[in-house]
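Common to both upcoming complexes is chain A, partnered first by chain B, then by chain C.
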Partner chain A sequence: MNTETLQHPQGAAAGKPHAAETALSVSGLSPRAAHFSRVFELLVVAAIIMLFAGAIHLHVLLLAGDWDMFVDWKDRQYWPLLTPVVMIMFPAALQGIFWTYFRLPIGATVGATCLMLAVSISRPASFMWWTDYPLNLVLPAQMIASAIVLDVILLVFRNALFTAIFGGFAFAFLFYPANYAIFAPFYVPVSHQGMMASMADLIGYVYPRSATPEYIRIIERGTLRTFGDSASWVSALFGGFICIFMHYAWWYLGLAMSSMKFLPNNPKVMALMGTKPDAKPSN
Partner chain B sequence: MSTLTSRELNLSSSTDTTSRFTLSYVWFAVAMTVLTGVYVSYRVYQQMYGLSAGLDSTEPIFQDIWMRLFWIQLPVLFGIVALIQVYLFVTRDRNIDAITPEVELKRYFALTMWLGVYTFAFYWIGSFFGEGDGNWHQTVLRDTPITPSHVVLFYACIPLYLMFGIGSFVYAMTRIPAFCKGISLMHVFAVVGPFLILPNLGYNEWGHAYWLTEEIFSHPLHWGFVVLGWNALSLAGVLMQIISRFRELMPIVFKNENA
Partner chain C sequence: MQLIPKALKMMALWLGVVMLAGVATEAAWAHGERSQEPYLRTRTVQYYDVQYDKKTVKVNEEFTLVGRFRLMEDWPDAVSPPETVFLSAYSPGPMITRVESYLNGMPARQSFAKLELGRDYEFKLVMKGRVPGRHHIHPLLSIKGSGPLVGPGEWIEVTGSKDDFLLPVTTMNGIKVDNLEYYGTSRALKWYVVWIALAAFWLLFWLVRPLLLPRWMALQKGREDVLISNRDVTVGVILGVVVVAITFGGYIYANKEYPYVVPLQAGTSKVDPLPKQQHGLEVTVLKANYDVPGRSMQVTARITNRGAESVSILEFATANLRFVNHQAPGADKAVAADYPLELVARDGLGLSDQRPLMPGETREIRFEASDALWEVERLVSFLTDVDSKFGGLLFFVDKSGNRLMTEIGGPILPTFTAL
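Coming up: the complex of A and B.
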């Protein structure tokens, strides 16, 4: 049996059953059954991608909101703290579902990828093409790197508690460095009207948003203590601490929301479909 | 009228049961195509008339372009929502216990397609037009609750996903034995949660009308939408219910075919 390639075997291996045929025979599915099974899987995968692209984006939009939307909100105090705490919720729930029911350590990465897919479409389509915002003002942060680490930790520990402790912490702690290469250029200081500002600040001044004047931005004000280079790590540590608990809670929320429970239906409603009222619901 | 259970019917079925199993994707393809066309058209309409005619609700052009669309789409879309549910109920299976495993499997596929279209519609409101609304309100001051972004986001996208959300629930209850004999708790959450976005709108616009609160998109005024959006997770429960029954039906329907 040739297991070295999924291509049809050639040469010395020709004529022997190849991996795909072997997998079918082990599964006990006929080719037609396998076809319909695959159709079903594609429908489910498509539904999951669309559902969580919409749901996670809505969640991050209205909880992390401006910190993820605008480059001049990506400070060192609130952004590394709030964004990972908000962004870990759905990935943790998806991890719980995928791991418990399928033993697939892909939940967090699925969530992160769905979010990135959604924002990659909506930022240009809305901010750029409708209202002419420059893309470098509305660049989204990415959490795929943190999510991959979270999934790998689940794969290694195979345990919800340890994943929450180590993976949840790592998710937040890695968020800032994972995005640093993208956003570091916007932290470059510039002199603007005799005052020091960052490049991100300057972009925000030039492209005013009528709803949010500059002074309403919830960003670090800074003191001499935070003028040095440790401010972001302190925020990342705190974010990691919160993410441990957030991950644990949302893992079990995901399991609760994927319950397969049926409640008994009203006998009169059942009678409309010709079902016997004393028939027990199937679980 | 036959009242045999599906299991008894399966035992008495002929050996060529598998040859009768077919699937039709026509309605699924039609729904996805029509929805895509509708959403793209709305986006193009926003692009054409958003900034040129949508900035001031007191201008006559705003009434022509946006209020006319608003008053047309409201009865049309909500009317279609109602019609679909009435159609599904009127054409319900009146002897649901007598369906064969093939028919049951087909209906599970159909339910999955309903949920696929529902999630597609949910993507457009949760992500695409949702961020478009945030973008609009950052750019332009809100003068009334009916803005170019709201006309599409709230008064078009919501009825569009209600068609398929409520439709999936009514379809399941009127055609699939497990969903008729019992109420799927997660299906209720998956449908009612997003449905409640509509009344939550009232609260949201009340808050914006009196306290503006445009400054911060993660303002507590918006958190009702967040919590209702969490109900998307419950669709995983519905999919698990479908998958668990799917696993039981596949060997029954295809039992006579060799691997």
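Coming up: the complex of A and C.
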């Protein structure tokens, strides 16, 4: 053990860390061990990127689905509400894991970046190259802006509850303005056959999706339309409210999924597992 | 040692089988409508007078598909009524693009509400070639709760190069778009790069130092103080402020750049059906059988002619199949030369009595529609049907050469021995 470590008090009572101290020095790893630890980290990073890109992509496809997929589903009501509520789930879980075990405020950003990586591959590959749809029909929304702010709020507060309240709310509230800069051109009006349409509507009409008739779009329904121009902000506010709870729940879900549980080594459990009831424990 | 050549032989064999299956199933690359239940295709939407003005188009060249459909009065209970419908063209993806569409002369970009059963509607679809190749195109009516119901399909050959495809658009505020295909894409990609760069900065900021094991060990020792420094918090806060500033700055700039925007258009349109044809014909089905071994539908109907001219039975049509009475006047012109021949019964429609029906006359006539098409089109799964009925359109021709149309339908019994 590194004797230098023993000379310093631990935890909050330590006050300011010693100037030369780093996580590496405090950990007590030898240089060789530290080297292999670094190699291990890079392998884990590569695995995490692959694993979470696939998992988050599938999750968003299943839950947010068409609202994130097609440009003519990005309305002012369901898109700013449902998409961030769905997209916060995995980042919140990753935040719980990275913060609790490693004090790394990067969980949300990892989730958002992995999703961006996955859609950057799947949208061009599936739609442009495989089925010849134009990319502007399937441009994805990004949640990186929301995720970075969520991570920063965690870094500042260092508390799961406050991160859920302020960070979860900010995650959803920032989603709409951050993506509006990307999708604003698609709401420009155009006259088609004497009727008004947005450019997004026109793109959705021009390129036939036989299994997606126009009426299937769940957009602009309900009395939220009475808010007129403000409908999207009302949705963003409500989405923020839901995300508070969603973040809190998924933070702890992430911890539950990443914890190790052991069964006790007693005759009942042995019998349950099918070993002989009189089998002696191995240790 | 013999395993390797054996394994290679097996692989070559499997590859050959797979390739052969791919080639041999070319005929199955179209006609997916055969997988739909018979009652869906025979008792809901009946298409007629469908015409394609061109079979070969270049990329960017337009072609038109026109026709009519009848929404059958005896609509199946198992199928949602046409409360909300959408007119489209079925195609294998965006091989063609939609230019315009009309239902009874009304623009059909959006869905329609509350179409009426027992009435006719006329459609027109203007499309444009986009991806070279041979593509099977159908008119398509999608019904909410029930799905797509397609009309007779046609192979359309698109020639040229996909790179030549252009779709210019001018917006209502005067923005000229050279090609709708690329509209907004480069702007979106630039924003993605900005956000990915910021995310990369934040991730690399933490990734460059020991990440997992040392931090975990330090945390176990209670040395959280060495894991996050004041500098880390400062950098994080600055990054957060920058992100929020870019977010709202981008939003404000987008509002200034595009001051006139509209929400997605989500309404439905209403359209009146075509006027009812006045013809004075009454058709009552007395008996209907399907002879399974003989592949023959036999219908006995009582027909009353209350019109002013004598009429002859011209054609029975159902599920895009056509059985023409070759002995009726005008039968040679009943089917357009370019109608898909695979949907026209070779032997046509047989009648028990070919005499024209005089004005005021009532007669029982038995007609027979026999062809292997019933099985090819998979319209005879009576034993799995929950409502054994048939439906179709019966066309007549009067002495002046006018074509008259009625619906026909009723219970049908399958018979498994020759009648």
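Going forward, the second predicted complex is superposed on the first by the 223 of 283 C-alpha atoms of A that agree within 3 Å, B and C clash if a C-alpha of one lies under 4 Å from a C-alpha of the other, contacts with A are read in each partner's own complex, and residues count from 1 in each chain.
Heads up, the rule we're going with is that a contact is a pair of C-beta atoms (placed from the backbone, for glycine too) under 8 Å apart; a residue touches a chain by one contact, two chains touch by 3 or more.
These numbers were taken from a predicted model, which means no experiment stands behind them.
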* Quick one: classify A:His247 as touching chain B (first), chain C (second), both or neither. => neither
* To do: Identify the partner contact of A:Met260: answer first if only chain B is touched, second if only chain C is, both if each is, neither if none is.
  => first
* Asked: Touching A:Met69, do we find chain B (first), chain C (second), both, or neither?
  -> first
* **Partner, of chain C and chain B, that touches more residues belonging to chain A** => C
* **First, second, both or neither for A:Ala197, with chain B first and chain C second** => second
* **Touched partner set for A:Leu43, first chain B, second chain C, both or neither** => first
* Asked: Of the partners chain B and chain C, which touch A:Leu61 in the superposed model: first, second, both, neither?
  -> first
* Asked: Who does A:Gly28 touch here: chain B (first), chain C (second), both, or neither?
  -> both
* To do: Applying the touch criterion given at the start, work out whether A:Ser210 contacts chain B, chain C, both or neither, answering first, second, both or neither.
  => both
* Asked: Of the two partner chains, chain B (first) and chain C (second), which one does A:Ala112 touch, if any: first, second, both, or neither?
  -> second
* To do: Would you tell me the residues on chain A in contact with chain B in one complex that are also in contact with chain C in the other?
  => 24, 27-29, 37, 40, 44, 101, 131, 133, 210-211, 213, 216
* Touch list for chain B against partner chain A, complex -> 1, 18, 21, 23, 43, 46-47, 50-51, 92-98, 109, 112-113, 115-116, 119-120, 122-128, 130-132, 134-141, 173-174, 177-186, 189, 214-219, 222-223, 225-226, 229-237, 239-241, 243-246, 250-251, 253-254, 257-259
* **Footprint of chain A on chain C - complex, ascending** => 84-86, 88-91, 93-102, 107, 109-111, 130-131, 140, 142, 144, 148, 162, 167, 169-173, 175, 177, 180-185, 187-188, 191-192, 195-196, 198-200, 202-203, 206-207, 209-219, 221-229, 232-233, 236-237, 239-240, 243-244, 246-248, 250-251, 253-255, 257-258, 260-266, 268
* Structure fact -> Contacts from chain A onto chain B in the complex sit at residues 24-25, 27-33, 36-37, 39-40, 43-44, 46-48, 50-55, 57-59, 61-67, 69, 90, 93, 97, 101, 118-119, 121-123, 125-127, 129-131, 133, 209-213, 216, 218, 253-254, 257-265, 269-270, 272-276, 279-283
* chain A - residues contacting chain C, complex -> 5, 8, 10-12, 14-17, 21-24, 26-29, 34, 37-38, 40-41, 44-45, 72-76, 101-106, 109-110, 112-113, 116, 120, 131-136, 139, 142, 144-145, 147-149, 151-153, 155-156, 158, 174, 177-178, 180-203, 205-208, 210-211, 213-217, 219-221, 231
